[in-house]
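Written out below as structure tokens is the structure these notes cover.
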Amino acid sequence: ACGSGGSSSSDGTLKVAAVIKGLDNPFFQSMEQGIKDQAQTSGTEVTVQAANSITDTTGQADKLTGLAGQDYSCYIVNPISGTNLIQGMAQLAAQKKTIVNIDSPVDAAAAKAANATPATYIGTNNVSAGEQGGRQMLTLLPGGGKVAAIGGIAGDVTSGQRIEGFGKAITGKLDLVQTVAANWERQEALTQATNIMRAQPDLKGFFVANDDMGLGVARAVATAGKAGQIKVISVDGIKDALTAVKNGELDATVAQYPYAIGAMGMEACQAAAKGATLPATVEAPVEVVTKANADQALAATPKPFGTYDDPFKTLSGS
Amino acid sequence: MSTLIDVAGVSLAFGSVQALKDVSLTIAEGEITALVGDNGAGKSTLVRCISGIHRPDTGTIAMNGRELHLKSPEDAREQGIETVHQNLALVEDLTVWQNLFLNRELVHRAGPIAVLDRRGMRKQAKEMVATLAVNVPAVGSRVRRLSGGQRQAVAICRAAGFRSELVIMDEPTAALGVQETARVEQLITKLRDDGRSVLLISHNFDQVMRLSDQVWVMRAGRCVAGRRTSDTTGEEIVGLITGALSQ
Amino acid sequence: MTTATVSEHHARTWTSQLKDVSFWAEWAAAVGLVLLVIVFQILNPAFLSTGNIASMLVAAAILVILAVGQTFVVATGGIDLSVASMMTLGAVAFGQAYANGWGLVWSCLLAVAVGLAIGLVNGFVIARGKITDFIVTLGMLSAASGAALILSDGKPVTIVNTFLLKLSTGGIGIFGWTVIIAAVVAVIAHVLLFWTRFGTHVLATGGSREAATATGINTANVKIAVYAISGLLAGLAAILLIARVGAAEPASNTSFLLNSVAAVVLGGVSLLGGRATITGPVIGALLLTALTNGLTLLGVSQFYQPLAVGFVVVLAALLTRFQK
Amino acid sequence: MTTATVSEHHARTWTSQLKDVSFWAEWAAAVGLVLLVIVFQILNPAFLSTGNIASMLVAAAILVILAVGQTFVVATGGIDLSVASMMTLGAVAFGQAYANGWGLVWSCLLAVAVGLAIGLVNGFVIARGKITDFIVTLGMLSAASGAALILSDGKPVTIVNTFLLKLSTGGIGIFGWTVIIAAVVAVIAHVLLFWTRFGTHVLATGGSREAATATGINTANVKIAVYAISGLLAGLAAILLIARVGAAEPASNTSFLLNSVAAVVLGGVSLLGGRATITGPVIGALLLTALTNGLTLLGVSQFYQPLAVGFVVVLAALLTRFQK
Amino acid sequence: MSTLIDVAGVSLAFGSVQALKDVSLTIAEGEITALVGDNGAGKSTLVRCISGIHRPDTGTIAMNGRELHLKSPEDAREQGIETVHQNLALVEDLTVWQNLFLNRELVHRAGPIAVLDRRGMRKQAKEMVATLAVNVPAVGSRVRRLSGGQRQAVAICRAAGFRSELVIMDEPTAALGVQETARVEQLITKLRDDGRSVLLISHNFDQVMRLSDQVWVMRAGRCVAGRRTSDTTGEEIVGLITGALSQ
């Protein structure tokens, strides 16, 4: 839709504002790092604001509206839900500002209704991330068996999509016996995993919606004396998780690259400022990290260790 | 004189404390009836039964020959029973006038909408309080700020101020000064003169002998004696209270 | 001349009011808000731009409505921990109804009805079951969010409706429609609390339940009524929430809970019950909203924001310290 | 014979105690726990396996410690909304110290000291600044989580330490070390509350601050002390948390806050202050832990769990309804 | 008799209510001093100044010639001033014995550790209460469950039970029955016989005339007169209170 309003502020430097999700998860720190590092490469001025927690939908909306009145020319948004930032985005669209959507997608229908469709979307496909986790679980458990899933806050969309993808990948081959919610908290995940192991003495694996919780689950498994017998796979690829994979505490993590996502978001703003037309959707890289490639991943973190397709590199000319 | 209230065989226990044991007594219409007894004898508990706060375990309370089934103080007030409780029962955070008109508020009515007549209540409250108190508290000040006696005056005003058949006063003058006590005694006599009945609980025998028509004596949860005031003496009453004399 | 009459006389003169500490206590939230506005305005002149004022007011509208409901509950000495979840459940019910073609009006009515119903359940269990307010509403907090999850199957429903969109974006001058709704709610609540018998009975129940009962006030019914009001307003807030975020989600909205109580307490309403105003909590809600807005505007780092919020909240409360 | 003497005589006989409603009220949480255990055991025999009992106890240990601290605060008529954040900050401080080579002992001491310090600040501001407990600790909730984020730069620190590992996995029989620590804390707290002058003064402060002051009790110091206790125990809980999850994280741990208050109230402690036990809240904490454990064991769907929790919490509270 | 307490020029205002205006009076050692006045005259407020609850805006309070700077009730108790307040100041949720020993708890000491001597306190409490109350409440029951007079008895026991130089009693017998009143009057006389001083606030003139050595009269915040009891009559006191007579 837009993407043409790339005006710079009076002294010529590009000013970008970013509103991202939570504070208490290193995932978003990497994202912020990516945004800031990329901004530095070309002297862009940037403000990053975050919601108070990963559930603070309206608080995040308040932050965007707070920033909307100011003279930024490009806004990077990572909405907590599909629609919670729509109101602020409508305000931005009316002022012909560029909106770059990263990580979690804005609901397409709602954006259209508000006449605020973002210029581009850069993020991971959570269903496919879950599927990759599921496929990895299949290779770990060739003989089949029971597995359980541990999600974030009950009803959380990201968590739901990951577990949905995981379920899709394993149907017919593994038995998903239980799904519980652990509020994105490590302690809670540990407790719930302990409970599930009691309820399902012959459990073979856990799929966990993020790494922080995954580390708690791995600990529960170790404490129960079932290390090695019960496989644990989680999603995110934070540094501690990569180390845990390397040490064999965690069997695998489906790594996303918030750093890359953030950096690409900034590149998109820079490209738009130069008047380039942005691609509607860019899928961010996802890699399954196992013991085999953990060293490689650790060395590269927070950047991806493999190569990935970055269409903005050429657009922004950096 | 016909009987207004007839308490028959009322008992009440709090856990293992038997506060009232088979209490029977009557309150005659248009009279001042006194209730006396030692501390902890059960006087206030009986008052709370008649004013609908407690429900007796056994026994009945009848008014004008009809048995009352009081489920709440609201029921009692509807029957025309107003009470000055010993613990005062004022709302400390409300003003004097709000307390005086509590659950009796004056309103301006406009169809279904009823808006408080704050000015009217203030005005009437001022007049009511002035009749009793010497150091008149401002009717707009919160009860929390009043002295012990000022509160007592407010509570008495409330009970006496509304058209009711029976006014129960649980030690109304305990906290009052000389002048205020005299005014309250006048008020009590005036209530009788107006044909209303009064149940007076008091530890002050002079007062009881001076004002009442009938005296009931309680001891350790029982109603142990009843006398016409004109037929008894202060000494006899004291004897009955302490148990030195018996019925 | 008695001492007390002197006091009444004084109360009339404006200058003596300014010297009275309790006057300042009642207006502490307002003073705090003004100070905050001055500081933010000095640091960032965009703060008082009409655009920013308008968006602050819109951002505060939902909180104002919830805080008004909470005020009635707190005035009786209770607390409603389920406000936010009632709102969530109301929103989810709206979403399901709308998705099933009930249409806007019926969906709105359903949201309000759901809030009212849950409020009535809260009040009924508290008043008749004689269980502490805290536990009942804590249980309801959990139960209502569970019900919202079940009803929505954990998925948000996007609501695309031009009327709701207008509700959330349009308005008169700098006052958005939602702001106007919140203002109307506050005015009605003020009248209810100070100009009706019911309001007096609410304060009496909170001031001394025993004394209120002794004058024949049915305090159980008063309790039920205040929780019903809180539920009803949570249902109304649900509609505003949907208008704002464009979807009905089973999200927990916990920050609304703590903020609604914080607004009430900052507004000078005692948690012990018996004393309350409506203006206080409304200003408290505005203060909390202005705080986040200002900090964002100043670009205070996200990590420092909770620290700053905590600090300002305590400072603002310091102003109410003279209150008895 | 006077009525009152009769009562005292009766109080001695066991059968009459069973008939007394207030006896049941005091033990409501225990009765609720027993009922819950019976129901879960019938539905899933694995519930009472020694393994599951052991893991339930371990899971409850942190909550028990926080609930004990909360009990002291609530007994004075206050509330500590910052328990969970103090624990978080304590944990983060531990993590940073440990990562910087302070060693285990000093890191542990730091965690406890941080908790204690924050508790003292809470108490000091409340008692000397005369600000409502709710607002001060709400502000501290925000400020402490902010401080935790700043200190940790938002990142978890993995703590690998064999002593802590043993602490969280070893024990005597079915009692893990953390369970034993929690039990010791509870016993000391019980003695403090019922067998020392301080304990009596805590209850007097909560029962009637005016009356306590009139007898010369320095209620401000009592207030400061209870918040200090709550902070100290939150610091201790932080160590247990680190031992449990093997990392120090700036997570918000909100569920610990609500659960600590819920455990206290379920334990029959009045939020108005003045009446408290330690056994009650401890059993309340066990009840809440058993509840989640049992529901997961039974395979109750994640969407239905909050509903079930809400329901059981209110039911358990119904048992305390006879309490005055 | 030497002067124990010397109140000089004490004033105190609550907001715009001037509760005490330049009050000066003395309490002699080993005497019973009475303080009388209408409701709202400022008696309780003065008591609260002497017992450390309020601090005067101006004026001084001296004890044995030394000026007191009471910052809290604790200070006053340390100086040997015990008070029975009009609003009783009992903790309703604590038991009778806990209230009696509040902030005066008996302990078993073992080095730094001091454990409550619960049994000892119960035992002593029983004895203390038995001397005053007729319907003795169980010392293990909570104050909440006591009748008005029983509470009063507990409060008096507490103030009299500990070695103190001055015992202040604000309307101690207001809620008491005949027998209990007699016992409290005995107690007050006994305190004097033991050489302790008593400040008695009472609206009961018989009592004041019977017990006291000195009477001070307050009116609308001022101390308007002082008389030796032996030199005055009940009528004169009433006249001074109402303002019909003046100093």
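All chains are identified by letter, namely A, B, C, D and E, in their written order; residue positions are counted from 1 within each chain.
Note that in this section a contact is a pair of C-beta atoms (placed from the backbone, for glycine too) under 8 Å apart; a residue touches a chain by one contact, two chains touch by 3 or more.
Given the structure is predicted, the values throughout are model-derived calculations rather than measurements.
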item	value
Distance in touch steps, counted as few as possible, from subunit D out to subunit E	1
Chain at maximum distance from subunit C, centres defined as averaged CA atoms	E
Geometric centre distance via CA averages, subunit C-subunit B, whole Å	42
Separation of mean Cα positions, subunit E and subunit B [Å, integer]	29
Where subunit A and subunit C are represented by their mean Cα positions, the distance between them in whole Å	34
Per-residue overlap in subunit C, given as positions that touch at least 2 other chains	2-4, 7, 11, 149, 154, 254, 302-303, 305-306
Sites on subunit A at which at least two other chains make contact	23, 53, 154-155
Subunit E residues counted as touching two or more neighbouring chains	17, 40, 87, 134-135, 137, 220
Contact footprint of subunit E on subunit D as seen in their complex	2-5, 7-8, 11, 191, 194-197, 199-201, 203-204, 206-208, 210-218, 274-275, 324
Complex contacts: residues of subunit E adjacent to subunit D	51-53, 72-78, 83, 85, 87-94, 98, 102-105, 107, 114-116, 118, 134-141, 144, 158
List of subunit C residues in touch with subunit D within their complex	125, 129-132, 134-136, 138-147, 149-150, 153-154, 254, 258, 261-262, 265-266, 270-271, 302-311, 313-314, 317-318, 320-321
Touching residues on subunit C, where the partner in the complex is subunit A	46, 49, 51-52, 55, 58-59, 62, 148-149, 152, 154-156, 158, 160, 162, 165, 168-169, 241, 244-247, 249-256, 289, 292-293, 296-297, 299, 302-303, 305-306
Touch list for subunit B against partner subunit E, complex	14, 17, 37-41, 44, 86-87, 133-135, 137, 145-150, 152-153, 171, 174-181, 203, 205, 220, 238, 241-242
